[in-house]
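Pasting the structures here.
Across the two complexes that follow, chain A remains constant while its partner is chain B and subsequently chain C.
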Partner chain A sequence: MNQETLLVGLAGVFAAAAPIIFAVMGETLSERAGVINLSMNGTILLTAMSGFAVAYTTNSLILGFLAGLLIGALVALVVAFASITLKQSQVAIGFVLALTCRDLAYFLGSPFMGVNGPRLQAAPIPGLSAIPVLGPLFFRQEVITYVSFFAIFIAWLWLYRTRPGLMLQGIGEKPAAAYVRGANVNLMRYVYTVIGGAFIGLAGPAYSLGVRAGWMGTISGLDGIGWIALSITIFGGWNPVRAAFGAYLFAFLQWLGLVLQPVLTQVPSQVLQVAPFPLMILTLLLVNIGNAEWVERTLAAMPESARKFTAKLLRAMRASPPAALGVPFERD
Partner chain B sequence: MNVELKNIHKRFGKTYANKGINLSIPSGAIQGILGENGAGKSTLMKILSGFIQADSGGEIVLDGKPVVMQSPADAIRFGVGMLHQDPLDFPPMKLLDNFLLGMPGKLFLNRKEAAQDFNRLANEYGFNFDPESYVDSLTVGERQQLEIMRLLFLGARVFIFDEPTTGISAAQKTKLFDTLQSFPKQAITTIFVSHKLEDVERLCDRVAVLRAGELVGEFTPPYETKKFVSTMFGKEITLGERQPAKTGDVVLSLKNVFLEDTRVRIDGLNVNIRAGEVIGLAGLEGSGQGMFIRACAGLVRPVGGKIFLKGKNLTGKSYYAFKREGVNFLPAARLEEGLLPGLSLLDHFILAEKPRGVFIDKAYGQRLAEERIKSFNIRGTPASMVESLSGGNQQRAELALLQTPLSLVLLEHPTRGLDIESMIYIWSKLKDRCKQDGAALIFISSDLEELLQYSDRLLVFFSGKVSEPIDASGTNVEQLGQLIGGKGWPQKGDIHA
Partner chain C sequence: MLKTKAGRFIFQLAAFLLAMGFVSLILLATGASPLEAYKNMLAGSVGSMRKFAEVLVSFVPLLLVTAGLLITFSAGLWNIGVEGQIVLGAIGSVWVLRQFVDSAMPPAMVILLSILSGMVFGAVWASLAGMLKTFGGVNEIFGGLGLNFVSTALTLYLIFGPWKREGVASMSGTEPLPDVFSLPQISDLRISPYALAMALVAVAIVYFILQGTYFGLKIKAVGRNIRAAYLLGIPTWQYSLYSFLICGALAGVAGALQVTAVYHRLIPSISSGYGYLGLMVAMLVNYQAVWAAPVALFFAALNIGSIQLPILMKLDSSLSGVLQGVLVLFVLLTEGVRQRFVKKA
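Up next, the complex of A and B:
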């Protein structure tokens, strides 16, 4: 493989990961506030279909993306209302929505099956795209891929560099304490769930108007992406940058599977297709090893200096979920 | 800051949590608030800190101005800050982020500037903190200091402390008291809510006692501990007739047992408990007795030492192994831990029996349930769901579920919330059962009268310290009350068995 093809391939990884990035950023924001939006898989399918349908009908890509944004936010609003106002199980409502939205997408989307519609074109950034290696890698992408880079940065900036972001961390961690410090916990949960939903809603059009343009119904191959994004959110430790890394890792492993297929002919192709999944699980386990009780016990028995070092390392790797994830907040 | 509470009422349903409380605290005072569990202390403090609002008719006056506080954040703006018993901070965060969270300011955080404020304040008060370390690496005492710092920075002029000395070390207590004693100089008013008589006497320049929602007494130094106790507990308490202890073989033996949780630790406990004996565990909630009883049940694994049951070493064995040896534990939370809501009495009795084949023998279960319901005087039918029973009947149901043979019964607040009739009935049943099976009984209670009435020996817990067994017939409510409040403990060095 020469350098050119390698770069194009890797650039493809960034493009392929863009929808997952949106979904993961959205879910991260929502879960940071303490609300699990489990409808993600259905939302992605529904917004992929409707985004394509709107863009096809109006011949406007922007309207297509806006439709996705809006539908994602609406589905999230249902999750928020059921879990925050009605205090129902987030898991139950999320599951039902995931299935409903998926079937709705297949049903409503049948008139648009296989039609040729508008799609995003690569938009190289003048100047930057000419930089060797970095140019082809990052700056010859579609607009939506640039937006995905930006989304990671914004989510990170908001969460770790702003006051409301710090409060957001507090709301998901210990809502009672956040309330004492002046947060309107339930309102903020609504806001972040809906914003998170809007992010998730971008994932669908990012597929149907970009990465895998068009709507192919059940054979679109999008079913399941939402569940993967959900696990990447967890793997990412509810940190946008780590989560983005997870999304890229996943897209990279999938690409690797494709690339290695002609080389490793003795390995059944199914193995390579499925390999990214167990690899993700393995990473998840490794990252969270510091949470296990036996590790703590082993640590306690280690000599002081080694213990400190290992504890620090584990601390840096450790990802603990927002403590109030999925728990309704009641004053007092 | 001057604090005046005028005619504060708060009703929850039919019961008054606060009833016409009038209390005036001069600026810079350290005001102690005493009262037993449920006396209305925490309701009053929640009202003052904006968590809940008082019923109409009363008012809160700060420095002569009546104020209305709709939320804790409101209260802070008026200068009232509260330290909760469980610190309301964010354990996985860095100290600096925890400090910054909720601070007013610009959209983007300026951590550098905040770190300077943080370090300056820490120096001023002699707290030793690294802003880059994590909250969960701190002890409860340090987390209090952190919270004090934060509230000071936010401009709090009134500090409410809810049981601040529970779960902190002696050194940290001294440190805390030093800090609090520096407050009057800055005209900061302190309200110190506690059960612990010793702490209140040492620190407070004035003390108010609450009982059943009402302010029943105000005191200024010199204090008389005896007076506190009788005002807190109300009536003169008379002891009924006691039965002398009849003791058999050692049932439970703890050898040099160490127990530890995040709040308290118990060091090197040695105790032998004999068949037929009733041991009462006294102490404020969270002083270690809950952990002790769970260790005896096999639910908490001791950090060190050995636990023997009838001579058999059960250290580190599972709850199931303890249960097989005849240990029965009835936790305080009856519906959460003791019974299964959603199942009927009949289901419970069948579940507790040794299985007789795969299928349920309904007829046998029905007979068994009717018989038990009758003999334990439970007001219900075999088909009654446990959650529909009253507290007393739930407790009876739990007793009816005790296994045979029984070697050790562990009870947590066995008669909490029960009327006097149920209480007497339950104790007579318990004593009968233990006599019949030669079992020992250990129970936790916060009712001093019950402890003295039904125990043969008492163990008093105070911040993880455990007293030598005290003969219940040789003590009284006053002495016990003092021990529970941390007074009259032997100093290090003069412990004798």
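Up next, the complex of A and C:
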């Protein structure tokens, strides 16, 4: 493999990860506020279909993305209403929406299956795209990929460098304390769930108008992406930068599977495509195992030198969810 | 009034009507006649004995999975990995059947062994999610989802690798198993009375475990309040694992029956989404075993009834999924509204 094809391949990894970035950023914001939006898998399919359908009928890519944004926000609003106002299980409502939105996408999308519609074109940034190595890697992408880079930055900035972002962390960690300090916890949860949903809603059109242009119904290959994005959110430890790293790692592994296929001929290609999933479980295990009680007990029994090292290692990998994740807030 | 059985029933009826109304609006929006669609679905599911037998074929795995999920739900666990547990059950069943293709063992014995093997495979796969949860701190939803993907990979590997069809490996699955390894069917209908009986017995056993045994009571205690159960001396992690094992075993039987009673080989989508559908049924019956069978039958009828829709009305057959989902959604929402009123009153 020469340098040229390698660069094109790696640039493709950034493009392929763009939709996952939107989904993961949206889910991170939502979960930071204490609401799990489990509907993601359905939302991505529904917004992919509707984004494509709108762009196809109006011949406007922007309207397609707006449709995705709006529908993502609407689905999240249902999650917020059911879990915050009606105090139903977030997992139950999210899971039902995940299945329902998926089937709704297949049902409503059937007239648009396989038709040729508009799609994004690469938009090299003048000047920057001429830089060796970095140019082809980052600056010859589609517009939506640039937006995905920007989304990571905004999410990080908002969460860690602004006052409302600090409040957001509090709402997910210690809602009672945030309430005392003047935050309207439930309203903020509504707001962040809906904004998060809008982010997730961008993921669909980012596929159907970008990296996987068009709508192919059940063979679109998009079913399952939302569940992956959910795992990446946890892998990311609810930190936008670490989550983005997870999304890129996943896209990179999938690309690696494709590249290695001619080399590993005895392994069926279908197996290589799902190879990232066992790795995902393993990473989830590594991220979570530090929270397990028996690990702490084992650590305490270890000799001093080994314990320090192991504890440090576990702490570096470990990620704990926002303390109030999934817990309804009541004022009394 | 809102707290009584009648009050609950009124809210559930309202949910049903709202769901039907919502789906009718969607149908109208696509330019189709809702009435015609429902009529076709009814005719497609109970219009003839043959069609009703198909409904029962779909009812068997759905009821088995739902029965298992009632146990994990009672223990407060979201066993989303049930889909993969069905797949592993099917793999375990095919594996045994392949060992005895040219043996002198009586076929009935081989089939029984293969179902038992499916049961064990399903339970072992479920225990992985259970151990990830209890020892690794990995939420069962995420562990289960990951394991589902792995099980799909395993199926594809077997179909395209070691168990591939002589000559060409393809998505149509492995080489069909000999006819003697099929569960007997009722005359020329596709439904096997043995499979049906197993599903009904399974749900009866689950009902008994949950309502009539100390074991079931402990499982429910763990589900209600794990901290309190622990303080009362119940070894909570063990009971979590037990419930995973039972659910996995039942899902494994469902997978084994998909092989021995329906497909007679391993196919890529052997679980056919019954695991996820079972989660929906369990939610809809509010985790009460009594209602599992009728609701599972209704969902199976919707599945089969929608198969003809693409040919008859050019509507996608995913309409059944939309109907099922919207129904559960409205039941959850109206239940929330009811609880709100109860609290205010």
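We adopt the following convention: the second predicted complex is superposed on the first by the 309 of 332 C-alpha atoms of A that agree within 3 Å, B and C clash if a C-alpha of one lies under 4 Å from a C-alpha of the other, contacts with A are read in each partner's own complex, and residues count from 1 in each chain.
We take it that a residue touches a chain if its C-beta (ideal position, glycine included) is under 8 Å from a C-beta of that chain, and two chains touch if they have at least 3 such contacts.
Bear in mind the structure is a predicted one, so any value in this text is a computation, not a measurement.
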Query: For A:A82, is the partner it touches chain B (first), chain C (second), both, or none of the two (neither)?
result: second
Query: Between chain B (first) and chain C (second), which does A:Q261 come into contact with in this model arrangement: first, second, both, or neither?
result: neither
Task: Look at A:W227 in the shared chain and tell me whether it touches chain B only, chain C only, both, or neither; answer first, second, both or neither.
output: second
Query: If you stack the two complexes on chain A, which partner ends up touching A:G182: first (chain B), second (chain C), both, or neither?
result: first
- request: For A:S60, select first, second, both or neither according to whether it touches chain B, chain C, the two together, or no partner.
  value: neither
- prompt: Which one hits more chain A residues, chain B or chain C?
  reply: C
- request: For A:L97, decide between first (touching chain B), second (touching chain C), both and neither.
  value: second
Query: Touch check for A:S129: first (chain B), second (chain C), both, or neither?
result: neither
Field: Intersection of chain A interface sets (partners chain B, chain C)
entry: none
Complex interface listing, chain B residues touching chain A: 46, 51-52, 71-73, 76, 82, 88-93, 97, 100-103, 105-109, 134
Task: Quick one: which bits of chain C touch chain A in the complex? Just the residue numbers, please.
output: 26, 30, 78, 80, 132, 135-139, 141-143, 145-147, 149-150, 152-153, 156-157, 160-161, 169, 276, 279-280, 283, 315-316, 318-322, 324-326, 328-329, 332-333, 335-337, 339-340
Complex contacts: residues of chain A adjacent to chain C: 38, 78, 82, 85-88, 91-93, 95-97, 99-104, 106-110, 217, 224, 227, 230-231, 234, 267-268, 270-271, 274-275, 277-278, 280-281, 284-285, 288-292, 294
Message: Could you list, by residue number, the parts of chain A that touch chain B in their complex?
response: 161-164, 166-167, 169-170, 173-174, 176-183, 315, 320, 323, 331-332
